[in-house]
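Presented sequentially are two complexes of subunit A, the first with subunit B as partner and the second with subunit C.
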Partner chain A sequence: MSAATSNRDKSNTFRLLVPGVVWMILFLVAPIMMILYVSFWTQTTFSINSTLTLDSWKNFFASEAYVGALWTTIRLWLIVLTLTLLIGYPAALFVGLLVKSKTLSTILLVLCVIPFWTSFLIRVLAWRPMLGKEGAINIILQKLGLIDSPIEVLLFSELSVVIGMTQIYVVFMVGPIAFMLGRIDRNIIEAARDLGAGFGRIFWKIVLPLSLPGVVVGAIFVSVMVLGEFATSGALSGRKVNLLGNIIVTQVGSLKWAMASVVGVILTILLGIVVAGFLRIVDLKREI
Partner chain B sequence: MTQSEPIFRMEGVTHRYGDLTALDDIDFVAEDNSYIALLGPSGSGKTCLLRVIAGFEKPDKGRIWFQGRDITDLPAHERGIGFVFQNFALFPHLTIFENVAFGLRNGAVKVSETDIADRVTDAIDMVGLTGLEDRSPDQISGGQKQRVALARSLVLQPKLVLLDEPLGALDANLRERMQIELRAIRERLDVTFLHVTGSETEALAMGDKVAVLDQGQIVQYGTPDAIYDSPAISDVALFLNRFNLFNGELQGDTFVGPFGTVPVTAAQPNKSDVYAIRYDRTRIFSADAVDLPGPALPVRYLASEYLGSSIVFLFETKDRKTVEVDHHLSLGEPRDLTVGENYTLSWDPAQAIVFGKETAR
Partner chain C sequence: MESKVLKPILAVYVGLFILFLYGPFIVLGILSFQQGPEGGPQFPIISWSTYWYQHLFGLTPPSRIAPLPVGEALIRSLVLAFMTMVTATVLGVMAAQAFRKRFRGAGIVFYLIVLGMMVPGVLTGLGTSLLANNVVGIERHWWSTAFLAHVVYTFPFAFLVMLAILNRFDGSVEEASWSLGVSPITTFRKVTFPLIFPGVLSAMLFAFTLSFDEFPRTLFASGRDQTLPLAIYGTFSVEIHPNIFAFGVMTTLFSFALLSVYGILMALSVRRAKKMAMQEDIA
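Showing the complex of A and B:
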């Protein structure tokens, strides 16, 4: 009887898993395998054939531009990650912990999401009239007499890419952190106060450790999106900043499938390492 | 009770939440080294009172002294008053040892590692949790969490510990054991416990003294037997859940109630006229009995409840008011009652307590 039940449980589990597994194999595992395979194909100027070769891989690592893009990607990712954390954490602290009313904190979170009502590209492009040589910031600073000539480095530079990405992705940091902070029992903080801990101590010993899963989830969101970015750098850097994503776009555009695949594989490996690294910090299964 | 220096004193403390007055001009003195129970129904302001004392809330008016020092404007983390939360509020990411060590590690006074180890070990030993130091709070039971919360406060050697319904989250068995243990632990240390509870049995059983809080005011403060024997106002008698209370009218030397007109020798000032007689002083007679000890209250028998050492009989008066009689079995077997039959309840009028709008004579 019980054996029969457990058999039925097993077959039910299996049946429930099938759609998801099939979907993942068709649309995730198979394409990744395909990319890996194509990265070893032979590319000539106008065509590609499936003769296996290491040429594309060798070309990637021999090219200063490609390797440079890898480092630019990593550098920009670290800068944006740091900025989203530095800007996002205090905001999350305010929304999730310091605002006492649940209604108000929900309203504030919704406000954070309002920019998402316009399309991603519009949000990126909106930075142009803001940062440009004759953009809003330069005009205001000149009117105030703070500067004589416009600051040119604001737009079409690495700075504008950093500003744009930080603005777009910071909310993905705020959300998970605010969620974790909101779950902290207020009594725990009061207990810490009662035991003689001042504000700083409470933050470092209680609030930060308890919100760490939120930080990790936020960091994973931001990392995954920034590492695969191409649109922001394309629109705001004036082609001066090339990320791995931009290279994939140009390679695909000129039908260089093999090189695009190489970059894709490298990006996937990089993402895997980053995500695995973050997951080592906190045992998310235990925390959530 | 030994007379001693007050450890803690509050004068004219008032606290409002918007329009709601949670604490209304409270004067209160707590003796050193004693167990004080603070009894009040929910919404009486008892948790608010603890939070004001701990410093989590600032009173709108009034001053608070602790160990001879005005602490009204002192932030919570500088007060040195222990607080045990109803939900224990253990730090979920720290081990039991680190939970107890938290105040020593993060307080204003630097404590050396060896001192921390010694004091934490002693505190954990005192609450009987030796061996569980490395567990995390989600690996221990409710009773054990309670002890950790207590040890975490006591390790700092406070002179005053506030306990906010500390037994509320425990099951009945554990509650009784923890009652005894809390008293024993307190007696071993030179510390005052201020224990807030909504349970009258808990308050009477645990407190050296009991303060009764109602609508933001302390309406009575005294030893448990003083409160039990002579509640100051009818509301106190009501919270104690040991008195049949009858509304009526006090007219000079007589009280007119559902049991007729009875003579009254003394009355306590109160906001309304109320006649109170304890459950266990009320006695049952047949409907046509003549040799009654005092007033005669005609009732109908509803049901009984067996409590081991006593039986509680429930009756109903003509105007549908439930009246309880607590018959202690050491007084002999109770009479057999038939549900739905009429009986007469009576009592010795000298044991009744009368509250009246007129001032006491």
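Showing the complex of A and C:
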């Protein structure tokens, strides 16, 4: 290739990239930098000015409610992550590995994705008639004679938030794991079986390690979404469960931009640690 | 054999799992046929009726339950989703096209773009509104700041879809076109674009539906005028009525209609490609 065409290629690549890159720098990177910057601004009752101060940061760590929200976020994230993995993995195992027919496996995956064609907020709201005091679950349990009086902690509690989030996000765990399981060479499993390995041994020594990249990708998806949540916790807990996201929403609502930014930075750091941690487990670039 | 036992157990489990995914929505669908206007958003069904669907379209006599404020919000959401779809798809096609050649800094650019779908909406929304409100000093609107944030979110999806398509793309047909003296722009229009059209269609579908349903970014970045998800969110804080359930059923039907249009366009483009291939065979 001559130098002239190579140069033309370069400028062509450049022209194609500029709009997208500029868009992301101006409207993604700059806003996130802004959050960090504004977290050090001075907040007065009705306005905010750019005199730098640590006041908002001090206020955050001095407030039981805010630090409590940080712990609630971490606790709920760990619970939902564990549940999506425990509930999702067996389903992925069936869909990705045990189902012999490719068509059936695709149909099952599509079935899992269809609910996503309903508005996210409607899906959250749908849990209310399910979990309420006069909700479907209580009615069924009472009809079956398993309980005498309705279980009240089902709705407007931390439990309802956990149930709602698990249902909404579990599919993001199933998808990547089923994908990785589907790529396992069946001959390896056959070989292990011929050599006398039982199912348990095959699972721990072959299936689980080979599906690990899927678990990590799923865990990153679920973590990013759960840590940034505020709608599910707001709608299903009756404002009893406050996550970092909920604090940001209320602070912005009362024009406390500096405090909202502090919470935003803390959330970003938390996300960074979590994602970096998962990426250390598996080298995704090599695996995929 | 243990797996002989395991498979049926897991099959039952997957059945229950799918019930878990669909359960709330089935309940919501049933309750949308609750009697109105007295019937509440819970069991038992007093008597079956389509009252709440009529209520949604303003066909019922006025009652103490206000109609959902969705009319204008729906139009705004459709316009916003359309604007986002066009912009995100154009940016996505361009960026993915650039990635067909190796270039320095490709890794960084890739992560920069993908970051847009990984950063939670609450952070993008907060940052965008900070920038608009406190630095640039402009008012926030659904068609300005919210639009910018929507493209940040959907552009990565369009980009990844196009990247997957272009990875399987045979570049020699383009080279043939160039060597015949056809200009790069005409080549793109006549050769490349028809070949990548299924990918473009998928990218558009992603961008449109993601934007149409986008909530956290819009909550922060749009101003007074509500989009559809914001209007729905507004009803959360007050008492809910079965009209919101009826609305949920309607939006789902709308999504399926959109999906059908996508399916038809996809089938048509596949058929056209087959036809062209057959003509080539004959020639």
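Definition applied: the second predicted complex is superposed on the first by the 268 of 288 C-alpha atoms of A that agree within 3 Å, B and C clash if a C-alpha of one lies under 4 Å from a C-alpha of the other, contacts with A are read in each partner's own complex, and residues count from 1 in each chain.
Just so we're on the same page, a residue touches a chain if its C-beta (ideal position, glycine included) is under 8 Å from a C-beta of that chain, and two chains touch if they have at least 3 such contacts.
All figures in this text were calculated on a predicted structure; none of them were measured in a lab.
Enquirer: Once the two structures are overlaid on subunit A, check if subunit B and subunit C clash or fit side by side.
Expert: The answer is fit.
Enquirer: When the two structures are overlaid on chain A, which partner does A:I147 contact: first (subunit B), second (subunit C), both, or neither?
Expert: neither
Enquirer: Comparing subunit C with subunit B, which touches more residues belonging to subunit A?
Expert: C
Enquirer: Have a look at where A:V38 lands relative to subunit B and subunit C in the superposition and call it first, second, both or neither.
Expert: second
Enquirer: Given the touch rule stated above, what does A:I107 touch, subunit B (first), subunit C (second), both, or neither?
Expert: A:I107 contacts neither subunit B nor subunit C.
Enquirer: Where does A:M24 make contact in the superposed view: on subunit B (first), on subunit C (second), on both, or on neither?
Expert: Only subunit C; A:M24 stays clear of subunit B.
Enquirer: Looking at A:I122 after the superposition, I want to know if it touches subunit B, subunit C, both of them or none. Which is it: first, second, both, neither?
Expert: second
Enquirer: Can A:L78 be said to touch subunit B (first), subunit C (second), both, or neither?
Expert: neither
Enquirer: Should A:G198 be classified as contacting the first partner (subunit B), the second (subunit C), both, or neither?
Expert: both
Enquirer: I want to verify one number: the closest Cα approach of subunit B to subunit C after the superposition, in Å.
Expert: Across the overlay, subunit B reaches subunit C at a minimum of 6 Å between C-alpha atoms.
Enquirer: Share the list of subunit A residues that count as touching for subunit B in one structure and for subunit C in the other.
Expert: Residues 198, which sit in both footprints.
Enquirer: Quick check on the complex: what are the subunit A residues that touch subunit C?
Expert: It is residues 9-10, 12-14, 16-17, 19-21, 23-25, 27-35, 38, 48, 87, 90-91, 93-95, 98, 108, 111-112, 115, 117-123, 125-130, 132, 134-136, 139, 167, 170-171, 198-200, 224-225, 227-231, 234-235, 245, 248-249, 252, 257, 260-261, 264, 267-268, 271, 275 of subunit A that touch subunit C.
Enquirer: Enumerate the contact residues on subunit B facing subunit A in the complex.
Expert: 54-56, 75-83, 85, 87, 89-93, 102-103, 106-108, 149, 152-153, 156
Enquirer: Under the definition above, what is the set of subunit C residues touching subunit A in their complex?
Expert: My answer: residues 1-3, 6-7, 10-11, 13-14, 17-18, 20-25, 27-28, 31, 41-44, 91-92, 94-95, 97-98, 101, 103, 109, 112-113, 115-116, 118-124, 126-131, 133-135, 148-149, 151-152, 155, 159, 184, 209, 213, 215-216, 219-220, 228-229, 232-233, 236, 240, 244-245, 247-248, 251-252, 255-256, 259.
Enquirer: Can you list the subunit A residues touching subunit B in their complex?
Expert: It is residues 185, 187-188, 190-198, 201, 205-206, 209-210 of subunit A that touch subunit B.
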